[in-house]
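Scrolling down, you'll hit the structures one after another.
Same chain, two partners: chain A is paired with chain B first, then with chain C.
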Partner chain A sequence: MSDSAPAPQLVNVTIDGAPYAFPKGTLLVDAVRQVGHPVPFYCYHEKLKPAGACRVCMVQMESPRGPMIVTSCTTPVGEGMQIQTMSDGAREARRQVLEFLLINHPLDCPVCDKGGECDLQDFTLRYGPGVSRFAEPKIHRMKAHELGPFLVLDQERCILCQRCVRYEDEVLGEQNLVLHGRGDGTVIDTTRGEPYAGHFSGNNTELCPVGALTSQTYRFKARPWDLRPTPSVCQGCSLGCNITVQRRGAEIVRLLARENAAVDGGWLCDRGRYGFGTVRADARLTAPQVRRDGQLVATSWDAAIDAVRQGLTLHGQRGIAVLGGARLTDEEAYLLGRLTRAVLRSNDLDWRTGAQRFAAPEAIGCHSAQVTDIDAADLIVIVDTPVGEEVPVLALRLRRAAARAGIVDIGPERNLTVGRAERVACAPEDLAEAVRGLTVRVAEAKMPLVVWNGSGDGELARAVAKLGAPLLVPGEFANARGAEAAGLLPDLLPGYRSMAEAAAVSEAWGGGPLPVKPGRAAAAILEAAARGDLGALYLVGSNPLGTFPDGTLAARALDTIPFLVVQDLFATDAAVHADVVLPALGPFEKTGHVTNLAGVRQEVQAVAPGPAGARSDLDIFVALAGALGATLPATAAAVASEQQALGRAEKPAMVTVLDRFTSGPHEIDGLRLLVRTQLYAGGGTAAFDPNLHVVRGEPRLRIHSTDATALGLRSGQFVIAEGDGASMRAVIELDDGLEPGYVAFGAHTPGANRMGQRVRLVLAGENGLASTVPVAAMGVNRR
Partner chain B sequence: MSRMPKSSRLRQLRGLPEGLGTTLHYLWRRRVTVDYPERQRPVAERFRGLHILDRYDDGLERCVGCELCQAACPAHCITVEAAENPPDHPFSPGERYGYRYEIDLLRCIFCGFCEEACPTGAIQLTPRHDLVGFSRQDFQVDREWLLVPDPRTETLAEEGAR
Partner chain C sequence: MALDPAETRAILDLYPSPRSAMLPLLWLGQNSDGWIKPETVTAVAQLVGVEESEVVSVLSFYTMYRTQPPAQRRLQVCRSLACAMRGAGEILERIREETGVGPGETAPDGAFSVEVVECIAACDHAPACLFNERMTGPLTPNRALGMLRGEGGEPE
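Presenting the complex of A and B:
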């Protein structure tokens, strides 16, 4: 609502004898609760439309025809209304409703995960009858019914409030859960009994007022009174949804949404909600490793840090480069920048180990948009960004906006999978042209907004900047914006300072000359390494083999580099090449700040100690600097105050977005290969998260159904994609959101970025071996 | 050492037959002590002693791991963790059982609140009160210690012995 909106009209209401005034349109249930009178409710929820399904919220209203019992969740306040919340009539009505709700209820409380925080328990205790008159046998329904990878439904406990059904419909627009049957046979289930497939199932467990929908990961883990809450922020993607981490003892048992209207609107995606398994994953690195006689062997921290020092001294004169940092906290990213420039004396530093080229809209000369601008925008342009896979909770906001605003969805596949959008289908190299084509419409819009993940070349960046609309950059790394602001770029110093300001930065860093010649960007670093022009490479929470668009180049670079240090949570495929592996702490294990895609700086809290042998990235940087004879501030707070004191450049410099990827378009049997972000495919942590293991499944190859038919491929069939550089087995998934002529792999699917120019599909036989018939023999040929 | 006055020395002498008199008096009365542990005194019917975790007649455990005993315990000496029953050999009827159950008997005040809170009658206080051990650890009792013998395996064992 803008400031100029007229003050809302007030309506006078008497509640339990006291006069109040509420804005017109307020629902009675809200009015009554606002003034502190408790009223029970099940089906009502602030974020859902009123349904009047459960009838437990009844209050008594005076009317010309005498007292009436009304459901307060469906009745808006009216002038002169007289409401009694605790009259005998209202109390009796609720008592009867509760007695009815319980006639077939299993009263499973001792074995029910909701016990202790269940509205049915609480309201029955407060408003319900003490005993039931119902002596007939209860109706039995499905118990412990696994709806999907994360959701368990107990149909007997369901009170049919339909919060889940309405959430699926109104918030997700997906209708994954629906009502089946009628009368006392009514149950909740997925539409056709298929496994729940959406990305947002977990919100149902918070919406369900009873223990009907519960989480697989929390099943029988704890009681609410065991739990200690810590506010923190999800680091699953660049949105940074606010969460409450609940622990029992030292173990994280569940995450709840902690509403921040400016960021998440109170929802979480399943990756965020359930992706806390990394903390206790068996695969975590627990001790530093050093390569001796060709083998990585576990060693002490002192020995590992010394090995890094020796390696850097030995190979350093041929150049040291640092890649990564977009998954660190702001403080750690800043310290990594200082370590690289002031101690390692190198500007070969880049967080951009994926396809994303920049993080802050200002970095390409745009204005930053706020997440809430989506709610007010009248024209939203989504440029080739699979929002639902990349920043799922932001996609929910876009889906809601789609009902009201015009959405233009540009790219080779449908970016907004739910909701009305105008598609502008175009090939990746024609994106800039398509964006330029929108100039007039954007100029005419009152509140335009562009959503682009920043993966593309300089031409597209210029085209987007030229539109002049506020921009949101939902990138693939959680803290890309923090890393960029901390100066993890070859040609920018902290606070978007150009290299010309090196003197000022050097002063803040305690003197000592800084290298002033701009360094090399990620692609150039990898090329130099592949050529043998680089002595040492330090990967900090990054794995170019999995994320860099040209995986072949990354592979050659890691093969050739004389000295490789990998600092990560897990033994990634990059760690296999390493000379020294440093085990780091990850999300939930560090305190600091992260900056989300809209520039909101939020605090993350350490809630788990992490593996005993691992150290925080901050501690590692400090130790490394110490070994090289330099002193860095040793706490997150000290780093933050130093960074704050340094501040931002008065005139922020822009990020260079010129990289054109040399690898060019890939082709598969005449179909073009796209590598697209896919929620559970991998990245830094999801690939190793045991909680997400169930949803990761086989690598998928998505293809339009007409192409599939032409190639004789069926959904669910296994194929082997054979490229020059790599081959991989994948299961065919028909997806008509993709334009015909394309096939798509999930980014971070091992090998997807290493296939090379020519790829052919081979049917995988029953035994997993390739049959000899290339699919192209039946071939379509396009382009 | 100071010298005592004569009068108090006389009083001391008088004490000897008085004391012997008491001894002789009790020598002929009924004994109140028993030869513990060979013989034991009966305790009150509702005496609250050491805990057991009970089973149903079919041998399934009563405890469902609801943690209500843990919540009720004023001494915070119970730890319960629940788990899903393995479908092929369930520990308790239904979906859930208490897979970890520990009581720190040194902290327990034998109030019996746990017994009162339990919805299934699993945790019970028995008249047993031989609370002995050689280390603190001996008093941290777990599920195996608490569970009453399983009638199913008992019968098998007996049959085997025959």
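Presenting the complex of A and C:
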């Protein structure tokens, strides 16, 4: 690297009489700021291309024809330039622009959410005139306009800097916001006045320099000087975007992006930005519950822990299994592993309660890629992973890469929804073949990169590993990588140790033999439970009924298991079956670490107390071990130092990815049913978050428009999908990103995984009940 | 029917970059339909290779494109300097008083519409206007009302 990067050429500039040198290409606006002579600016933003739209950044430049006023955001430094930032001419020019910007402004700062952190207030105070000479009536426009689910638009406060318009276009590659009209009639709006539809709207509220674009959730909540900031990390998905949590008193009022160039590039998706409503959701569990005479009744923690002890003692002979852990912190996951192995003496332990099979690329013999490798890659292969729904902010990086690199997008639907990509359409069972077909191209690429969410069988895992390219695994659980490294797997101990190293681990855990025979994976655990071959099941922040690909098996397992403990934030449909329910704390309520999809370990902070009756998973594990006569380290810090002392195996073992995993292709009326990750579809926390209620809506069944036409289905129509195992109501959404021959449900949509093998679509009548007319299936071929 | 294929081709051929053909293609649509229909916007976006939102943005910049079906009788009153000084504002005010239809509005029955436009290069006829796209002036309040009510006084 170092030999190829030439030292940047420097350019000499005089600013306010003092000489400076800047790298060639530096914009004057940056140059004057760097040397401490700030000029105001609105339209300029580091992450956007210069636009020269607002004219407020003007400085004076000497020229052969005398002094000139130029916009500093569009003028790069030039050799010998002489710049005055505070000359009378420059000051007067800026003063006039600021006066102009305010002539139609409503001056409603007292009721504006931006007040106190508004560049229009600040720059007018510093550089503008004190009074306006404009006595004419002001032009009125749309105010407090709800622009989609999260944004509020006030057109009167807008200064038309076009940051939002440019962000939409340059960063998102979408055009959700555009300029309409001209002159004093110019306004910002969506193209045809439709609701804002994108998934990254909230970034606009940080880009907008004034109070024109603000957040619904923050409306009339606080003034910035009342807010206390805490740095933390979003736990909405496995990317772990960095955030600043802002609280007023004890209440979290908003999340802001906190740029980490290696992770998020300074952006948040709306699920992450607005998904903090769980901390005050009415649906939170607030007290432990035990089953008495067939009913779950609230009880004390002591009684609940004792009920777990009794249940495990009574039924433990026939085996105890633990499922979950991929939503915990690293420390908690590690402690859960120690509790299961050393105290419950079981290896029937698995975090993989969804379709994702592994988390770290090394676990299947690949190299880990860094998120920023996307920016340098020349060939990116996306293997059947809906990145924008799974890990939204990562998709933004891929969209940007699409302008430069070759992107090959494999699978039954378009995974990269914005940006140029080469599509390789193929059925799920043909993915491995399609991946193998890319061997030569990947080998010839300078910097290839593979993106795969790790959902698939062993054959696909081997095909991906064989490509030999660095891999990113944007999976479905936020801390799957932490859970995997902590050894929440039937045959792996902490630090990717094989069972052969049980003695070393046992020593670190204070002696006592550990079970050495590898345990059973999630599917085998559920099968054993369904057969009646398991005594007790402990679900930790997991709900196989919603997430396990074979939901019918999960349902049979939970029906049959003699003793079920559910530890969760909410009364999930699994909790309904439980013998003991333990209310846990969730994101924003715990301190510890999480490991993102690229292996970056990041700290999360407790910023909300959570319901009074709930406890952190860590505290629950310690209490449970105590009741069973064992002592576990009782703080996150103590656990972290034990885990770090244990470290990683010298020769890390790999994760077993089973060859046959899901229960085979499902069919609907001759169409193949896919269950795909879908933003806001629900599952863990999103389903219960009041902030996200507005966007979740009805379950959707996506279908290609040609298939819909053949079946006589229209967009927005309600259908009932009737399977052998379950039936569910869904609204038809036409999506030509899906290949013809498929229909798709969102993963974690209740019922979607319980349809069974044969599914029929029935039109729902006006009242939402099934009419007797099944949808005709003629003329649609299976691929 | 909106965009005649031969004329579309001819317009596209005039410019080295297809994007430059956006305005004339919109004119073509407006001239054949009387206004620019949403499907014209979609078609033009495809023809010149930009997003629809960009066409909408451009379209809304120019006051002479219509995005609503036109009224039967359309009065466009100039409000630029010469005409403003010779009473364009008073004329618009009288029209509003007598008919309830203000600038930018259409009569509820769709019979006529009133718009304000910038200088139409007829300052020597100030206050000047376009009535159904034909220039006339100087305009008086009574003549404007007569034209709008279909009682005569239209330009030749």
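One rule holds in what follows: the second predicted complex is superposed on the first by the 773 of 783 C-alpha atoms of A that agree within 3 Å, B and C clash if a C-alpha of one lies under 4 Å from a C-alpha of the other, contacts with A are read in each partner's own complex, and residues count from 1 in each chain.
Just so it is clear, a residue touches a chain if its C-beta (ideal position, glycine included) is under 8 Å from a C-beta of that chain, and two chains touch if they have at least 3 such contacts.
Everything numeric here is computed off the predicted structure, so don't read it as measured data.
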{"item": "Three-chain arrangement built on chain A, chain B and chain C clash or fit", "value": "fit"}
{"item": "First (chain B), second (chain C), both or neither touched by A:A144", "value": "first"}
{"item": "Which partner, chain B or chain C, touches more chain A residues", "value": "B"}
{"item": "Touched partner set for A:F220, first chain B, second chain C, both or neither", "value": "first"}
{"item": "Three-chain overlay, vertex chain A: chain B-chain C angle, C-alpha, nearest 10 degrees", "value": "80"}
{"item": "First, second, both or neither for A:P515, with chain B first and chain C second", "value": "neither"}
{"item": "Partner chain(s) touched by A:G468 [first = chain B, second = chain C, both, neither]", "value": "neither"}
{"item": "Three-chain overlay, closest Cα atoms of chain B and chain C, distance in Å", "value": "26"}
{"item": "Of chain C, residues touching chain A in the complex", "value": "38, 51-54, 56-57, 60-62"}
{"item": "Interface residues, chain A side, partner chain B - complex", "value": "109-111, 115, 143-144, 219-221, 223, 225-226"}
{"item": "Chain A to chain C touching residues, read off their complex", "value": "175, 178-182, 191-192"}
{"item": "Contacting residues of chain B [partner chain A, same complex]", "value": "64-68, 71, 82-84, 94-96, 119-120"}
